[in-house]
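Both complexes shown next keep chain A, but they swap its partner, so chain B is in the first and chain C is in the second.
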Partner chain A sequence: MASNINKNAVNIVDRPLPKGKTEINLSSFAFLFSEIIQYSQDRIKAGHELEKKLSDIGFLVGTRVLELLVFREKNPKRETKLLGILSFIHSNVWKALFGKQADSLEKSTEADDECKKTTTTNSTYMISDANMIVNKYISLPKSLSSLNCASFVAGIVEGILSSAEFPARVTAHNVAVEGKRFTKTVILIKFNAEALVGR
Partner chain B sequence: MIITSCRNINVDDRDENLAFAVNVKVMAIYSLYILNKAGTLIFQNDYVGSVEKLSHNAYISLGSMFHGLHAIASNLSPTGSSSGIETIETEAFKLQCFQTHTGMKFYTISDPNHPNLDEILHNIYELYTDYVLKNPFYELEMSIRCDLFDDKLNRLLKGTTAD
Partner chain C sequence: MKKIVCVAVVGKVNDPLFIHDYSGGSEENRLKLNYIVHCSLDIIEEKPGAKKVGNDMYLGLLYPTEDYKVYGYLTNTKIKFIIVVMDSTDIKDNDIRQFFKKLHVLYVQTTSSTFYKPNSKIESNKFLNNVTTIVQTL
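Let's turn to the complex of A and B:
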């Protein structure tokens, strides 16, 4: 009996990484995410710090997700092109995390003030998603209407980009869609100057 | 780590079909009340324009009064324990109450001939567990102010899609 238990008891770190799909119940995730937000909310002083806190948690997830997904790929290679890593996030990462691709990946057409000042090329990209799964059950109170809990996802993207050596600032925004009552989520990716050198 | 949403998509579809069926028969649900386990009104909304609006305090006292009547009714039972008021029928309306295992009460005021209130109340409870309890900004036992919950209720009870 005792030997039987020992045989089956494999330490969690000794188990192989599953290759295939592993699905998680949406409700379990929603409750966990809800608790993460409430936990973070108790530990901040001002409203905007919540986004930072969620983004920091996402960052830690992102660094790990990149390793895992590259490990699972059939012909793993290191992504060195800016567009390569962006489309990897838009399709592979979104598929692995949320089961579908993001709605769109665009280059921002508006040259923002910073770019005008430094006369560098525009380096802002947007990933938009109308039905962000992390926001499925979240209704924002009026006092926090500018908050988007997809900051967590923005953190994941930032984590991936940072560990792939494309340093960037990533933020999540609510954008109103014409004819729709609810806003869509836009993940704004602003690459740092050093990420663009030689590319 | 894929998060599935299949189950919920099906539920949404079913809600819409159901709301559609309700609309066709013109068996309207006039209003919905939700009481927390202490008997405090945490949600009230009317779904038909013709319902006379009362003051905010009047709704709260109506809710507490129902809670009291429900408690008295369950004690009046001559044959052991009773689960309290389930329906009140009149010529003009029907009140149907659904009490959860946690002591919350959901009750609707509807057309007296409404066919499937049990199912609708159950669907409302499901919407509550999804869009209220999983919302990190909702404080338990407090009044419900969630846009998504309002929207889904409108879809279910009015058959409108407020996109």
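Let's turn to the complex of A and C:
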């Protein structure tokens, strides 16, 4: 019995560190995020600039998030494939930032006119999420109904893509879902032509 | 005896973000090291995609010179780490790999700082001190 105890009793300083919670309070996050929005709102002239401002802030987050998350992967590697980096964002990045995977990652099937003109191949992808955490406590006034504060998240995605050398234009949109009261958020990713060369 | 004589971090468009000479030599030697690091950039350009390297960040031995060996590492964001090692010392590939890993941690810590502008020169003293520490442990 005595030897048994000795075996299990590891000195407290030798024990591995507990993993600890990686999540923070939603309320503290919502508070900080609302401050970011207010800060941005004070520094713009027209309404549509707010999305740009939020996306710029997200961009700076994105460049750092990529460095950090890639390093934390078990087998870090350089991602050179378009789908590789997109699924990395869809699963790993979303999990690290919001604690869950994004709802879906799709290639846009609508070949809109703009797409046809500029490139021969369709280069638009969508990541959609029904309950975006950043939008949880945000209700929009009528005058700003087209605004989506997930522009911040779009900025993060843009930051990640651009520092991984896949230049793209990323925007956030509200999309109504049939039979649901709330709209879902769609992050629209349009790759620049140079990101598609040779792929 | 110190094994590493030079550590360099090179940015996206081949601009030096950080370069430090650990040889303690003369000005002339320092220029020589700068030149060696510069030369290695061409080789880094060719390496990725080669069968042996694949998607691994560690690029292995880039090229040997008369007195030194040059090793490289390329991150996801096209940031290059280059170290110059004394040729006379016997050094294991695995140790170099470990060293780059540590260097990468330090780099990530530095870029995560809110006050660091991405792709600008690294002027943080903390980074320099930490790199000096890991250089001495190798």
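Note that the second predicted complex is superposed on the first by the 177 of 199 C-alpha atoms of A that agree within 3 Å, B and C clash if a C-alpha of one lies under 4 Å from a C-alpha of the other, contacts with A are read in each partner's own complex, and residues count from 1 in each chain.
We adopt the following convention: a contact is a pair of C-beta atoms (placed from the backbone, for glycine too) under 8 Å apart; a residue touches a chain by one contact, two chains touch by 3 or more.
Here the structure is a predicted model, which is why all the values come from computation and not from measurement.
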item	value
Simultaneous placement of chain C and chain B on chain A, clash or fit	fit
Which of chain B and chain C A:181 touches, first, second, both or neither	first
Partner chain(s) touched by A:66 [first = chain B, second = chain C, both, neither]	second
Of chain B and chain C, the chain that contacts the larger number of chain A residues	B
Partner chain(s) touched by A:164 [first = chain B, second = chain C, both, neither]	second
Touching partner for A:76 - first (chain B), second (chain C), both, neither	second
Contacts of A:109 with chain B and chain C, given as first, second, both or neither	neither
Chain B versus chain C as contact partner of A:11, first or second or both or neither	neither
After fitting on chain A: smallest Cα gap, chain B-chain C, Å	13
Contact footprint of chain B on chain A as seen in their complex	21-27, 29-31, 33-35, 37-38, 41, 96-99, 133, 136-141, 144, 149, 179-182
Chain C-facing residues of chain A, complex	60, 63-64, 66-68, 70-71, 76-80, 163-165
Chain C residues within the chain A interface of the complex	48-49, 54-57, 74-78, 104-105, 107-108, 111-112, 118
Chain A-facing residues of chain B, complex	1-5, 7-8, 130-131, 134-137, 145-149, 151, 162-163
